[in-house]
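Next come two complexes built around chain A: one with chain B, the other with chain C.
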Partner chain A sequence: MEQEQKFIVSSSPHIRDVESIPKIMWTVVLFLAPAAVAGCYFFGWDRFNRTFSFRPVLVVLGAILVAVATEAAMLHLRKQPLRRALDGSAVITGLLFAMVVSPAVPWYVVVFGSFIAIAVGKQLFGGLGHNIWNPALVGRAFVTLAWAEPMTRWWVEPLNPAYATVQAASAATPLSAVSLSKEVSFSIKNLFWGYVPGCLGETSAIMLLLGGIFLIIFKYADWRVPLTYIASTVLLCMAIPYKNAPQWFKSLPWYEEMAFYAFSGGLFLGAFFMATDMVTSPITPKGRFIFALGCGILTALIRKLGGYPEGVCYSILIMNTCVPLIDRFTKPARFGLSTLKAQRQKQSQAKAA
Partner chain B sequence: MEKRSFFGELVRGIWKDNPTFVLMIGLCPVLAITTSLKNGVGMAFAATFVLVGSNLMISALARFIPDGVRIPCFIVVIAAFTTIVELVTAAYTPELYKELGIFIPLIVVNCIILGRAEAYASKNPIGLSIADGIGEGLGFLLALVIISSIREVLGAGSLWGYQLVRWNEVTAIKPASIMVLPPGAFLLIGLLLGFFAWRKKRKAEKETAQGYAFQEGIVAEIESAERAKEVAKKEKKEEKSEESSGESQA
Partner chain C sequence: MAISVKSFKGGVHPPEKKELSANSSIEVMPPPKVVRIPLQQHLGAPTNPIVKPGSTVKKGEKIGEPTGFVSSPVHSSVSGKVLEIIPVPNIFGAEVPAVVIENDFNETWADGVNVERDINAMSTEEIKSAVKECGLVGMGGATFPTHVKISPPPNKPIDTFIANGVECEPYLTSDYRLMLEKPDEILEGVKLLARAVNAKRIVVAIEANKPDAVKLMRERVASKNLNFEVIQLKVKYPQGAEKQLIKALTGREVPPPPGLPMDVGCLVQNVGTCYAAYQACKSNIPLIERVVTVTGEGVETPKNLLCRIGTPLKELLALCRIKPSARKLILGGPMMGLAQWTDEVPVIKGTSGVLVLEEVETPEQGPCIRCGRCVDVCIIGLVPSAISIAGEAQDWDTAERENVLDCIECGCCTYVCPAKRQIVQYVKQAKAVIMPRKAAEAKKKAEEEKKKAEEASKKQ
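Moving on, here comes the complex of A and B:
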């Protein structure tokens, strides 16, 4: 019973593109790499002793390795094809997680954080495309609550990392110095290049900006999100004063203060690489705008009025939670619906008349 | 209706109708006080005492309580037993009383106790109601012991207050304090509920598979029986024809 086939019947999508998950993911890894490499240099190279510590490199590689291994193990448990562990998404999560922890954290923070990020944050929800929250930030939120001291106090000086004494005397990040009114000043130039204490991959604004611009050029991220996020955070930060800012910060002119808010903390990393995550951000342009605005407002509120000096992690997580709601309220009208409505209104008016 | 035995009701409460993992009622104290095994066990015994007492009283009084005001009446009975527990813990175990704090008076509004009073004790005889109370209490104890021991080991590195490992070496893993904080409780209970749901699903799948196998078996039996009948008929026919042919020959 063979029939000649005249129509090819298939379900949508009918238009195919050369884009694939591995291609997108590995490109994003490439754009993230400069900031990670810069972090490894700042927190590895000791300019006084002229030695290089491999600790930040180990943190990055360890986080990626644990992330990929966890992904493979969970895929095996869920009876999914194992090759998906190497599609790059687990590598991004591991890399992002390493970039949002201090390079001085103990090994177990890296291992458990990366494990929780993939196992709980991603695979328990159904794997790539089904997770509600950004997995790397889930891992960071977990370890921040689990091991608060290394996560919030153990910072090292760039180009002079003293990992042996980090428990006794640790440096202050720009934001923690300002919010705890410490007289440690930071120049905007250093903030821009990344010569400041902080998380491994968040300090170098220029590298993150470069990666972010490429991300937007390649259309892997929507320009609305980082722009709205950074602008709203900076503006709201300018509006709310610090309770007791140190003297050097008070003497900054307004444009330098704005630059300080933009370049310090994890704002660039969060705005370019985390708030633009395809899985955990809204679909519609209007929704993305609302999402980024919410992130910006929450970040500024946590920075100025909350208990933590930086709020990028929690604000993105909170807004991730709101994404289904935002998507529902910004659903565009179906094609032709507005004309139909107008026609009906006209008809009913004519009838009434 | 199936016949109910004292022992059967008791066991049902522990596993099949476990208040925390299966019925998912009374989760508030489970989340709040399971920071250490001691607290968990103390809470479970307090709740069990109130549960057994209220089940006994309500089952005995059920006939005299008008339907319209039964909930307030149940609450009065439960509150009486809760007050007993509160005063006794305050007098004899002041430390536990301090740790559990508001959650002892809150036993009054615990869903497990009111739920069992409404759903079971008010409709069943006294003996079975006591069994149900003990069973649900033991189920609650089991859940609290599981959750609180995991949380205490992971979150504080100790069990029943005894330090399991010395944590002050630099290389050793420090306990993850998230586990004794509220987010850890939500995370752990979520994972445990997911585990039990997965087990239940797998069991149901197995049972349906067995059911199919059973049906197939029956079908096969019927088919073979029919085949046997047909064979027998044919044989009979052949015999008959042989007989008839024999007769004709004769």
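Moving on, here comes the complex of A and C:
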């Protein structure tokens, strides 16, 4: 029977939720923005000379620009639709990369790091959804190895950034001060707000916390991940003492010591925005818990026993590597399997009898 | 009575859209001039036509004889003359032989049909026979022959009978209207079917978004002094899926396929089927008409129509005034319904709704970003993302290892997917590849075993 097709045929379901990849990605950008803006203020504004340096802003914009351009170029080479470069995921990578480097790093660190993050960390694996490691952290791991000096030494004071003399007289981050036994003290209040030397977007615990809470409310992050990650890092850090901590640190009461471990370094940024990256974390709630626990333990071990004062970046990268394995062993319970097992047991018992 | 709202793990909350047709009383649709009654309207073996072109048939007369146990007879829904037996489009986009009957509008009942019987005096065997002879199948959409469901093997006794009035698919209201307008008949049908399987616990399950139906059913149950439980369930899709319903009401989990509700002592029947069972037992009226919700943004006047089996969809659409902007014609609800390419498809026993949608969103499929939403909503405990990735690569072995055959295609994963992946489509493809392969393997194995047994007996 030959008939004209009148209606469109497709597989069910015929209605879809409003959620989409660009919506998720751009919302994450929005929730990351407060911490990045805070970083630009802390490391841009000079409260003594009352001048503003655009250096941190340029680092952020430069990293985003390079990330999006690299994404577009790679998509073009891979013959993929170019509009995917604007789905927000490359912007997240660029922004995150800028947030995990010192605002004083040379321009080529920003450019190469952001390029490696997208080109190697993401597109070489097949683009969005196919990468094993968090792309921004791949970029950071690369530049840390390639340009160790600016990445680990060139820190600037908040609200008094001295970019011109950073190579000669750089500041100490809270974690490096403690692990290198420097008598430079930091108040918990400054750590909470972010008035401490460090990576561009990692210092303001409050802004990261706010963004992270929104991320959880919007269901773009599983609350288990940041909670488990931060709690396990802090508890394990409490359990393992520093070999020779400075006097000011030893005199901190236990609750301030806990707050110090939580608010310093990249823990909040990593726990709320990197360990929760959907692509590179496990797919089941149970798996995400194990993943976050692993991140927390590794971070504490690196901080206390390793060669670096901070371990968030490598901890997450190592746990990213374990994700396929975690996924494999944390599959959800198959519906009806318990009944099937009970049935089989009954049968075998009946046979035995 | 405490109101407990029970539920299950997973599921989604799509917009309900029931308001479009919920307040339209069931309207008797004028019988069409010509009906086209497919000879297969159920899951299982087809029926053989027992009428010839030119012969006259009466309303309720059997025209298709079942060819196996898992099969169900087909009856004429009008009185008139058989014009021809030709293939017509079926709901799966293929064709099925159908008996085309010209209506003489005399509405002459066949002999022995539409007679009064004392349902309380009927034995369980008589109930089963009436259900079988009247061609009852699951009217919720699965169309599994009812007499098979109420004839469990002796080692699988049924202790719980569940009348399914959940109707969790968005838009659909046919079960809801039937519960409001024919509550006594439904309850009598429930009583009959529960008696046929000797169930001790009898539950009428209704979703909490139909409080008036719950209230009415409770009143009728009380006034009839029945020991039925009328239970409200949480508004969540797919609350009405058989396995999820059993889990919510009894805590029992039906084992994975080929596991059946009878494996955990349960029997679930749609309220429409219960109503049909009442008619079959009380008056010997076969399943020749049913309530169909015609709804969606693509029709001007959504209705609940009582229409004859075999009525072409285009007559329903004309009655409800289809809009020129209509782009998609779906049999069933928006979550599990089957999109039709033509409105020549006739209404069959499993047609619960005709959904007409205007704008068709055909989103481009993106890469899986492993957000895990599909895992969270999956009611079967699968990892739909893994199935979709395997499906995209045509890697059916991996799909099978991911238990794709357990999937009931409820569509929750695909509904929530932010990458707009066609997960259900991959599942359907995977099943179409794996199931025949498994059947062939099983056949081969059986043959080998038979051979071995023969050889062994020869040696002896």
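Here, the second predicted complex is superposed on the first by the 338 of 353 C-alpha atoms of A that agree within 3 Å, B and C clash if a C-alpha of one lies under 4 Å from a C-alpha of the other, contacts with A are read in each partner's own complex, and residues count from 1 in each chain.
In this text, a residue touches a chain if its C-beta (ideal position, glycine included) is under 8 Å from a C-beta of that chain, and two chains touch if they have at least 3 such contacts.
Owing to the predicted nature of the structure, the values given are computational and were not obtained by experimental measurement.
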Does the superposition put A:P253 against chain B (first), chain C (second), both, or neither? neither
Practice prompt. Once the structures are superposed on A, label A:S12 by its partner contacts, choosing first (chain B), second (chain C), both or neither.
Written response: second
Original post:
After superposition on the shared chain, which partner residues are touched by A:Y108: those of chain B (first), chain C (second), both, or neither?
Top reply: first
Have a look at where A:L145 lands relative to chain B and chain C in the superposition and call it first, second, both or neither.
first
Across chain A, the partner (chain B or chain C) reaching more residues is C
Q. Touching A:M278 in the superposition: chain B (first), chain C (second), both, neither?
A. second
Interface with chain C, chain A side, in the complex: residues 1, 3, 5-17, 19-21, 23-24, 84, 126-130, 222, 278-279, 281, 283-285, 288, 327, 331-340, 343
Per the touch rule, the chain B residues reaching chain A in their complex are 173-174, 176-179, 181, 183-184, 187, 191, 194
As the complex stands, chain A meets chain B at residues 106, 108, 112, 120, 124, 142, 145-148
Listed in rising order, chain C residues that touch chain A in their complex are 12, 14-15, 87-89, 93, 95, 170, 243, 247, 252-256, 259, 263-264, 326-330, 334-344, 355, 357, 360-363, 366-373, 375-376, 378-383, 385, 403, 406, 409, 411, 414-420, 422, 424-425, 428
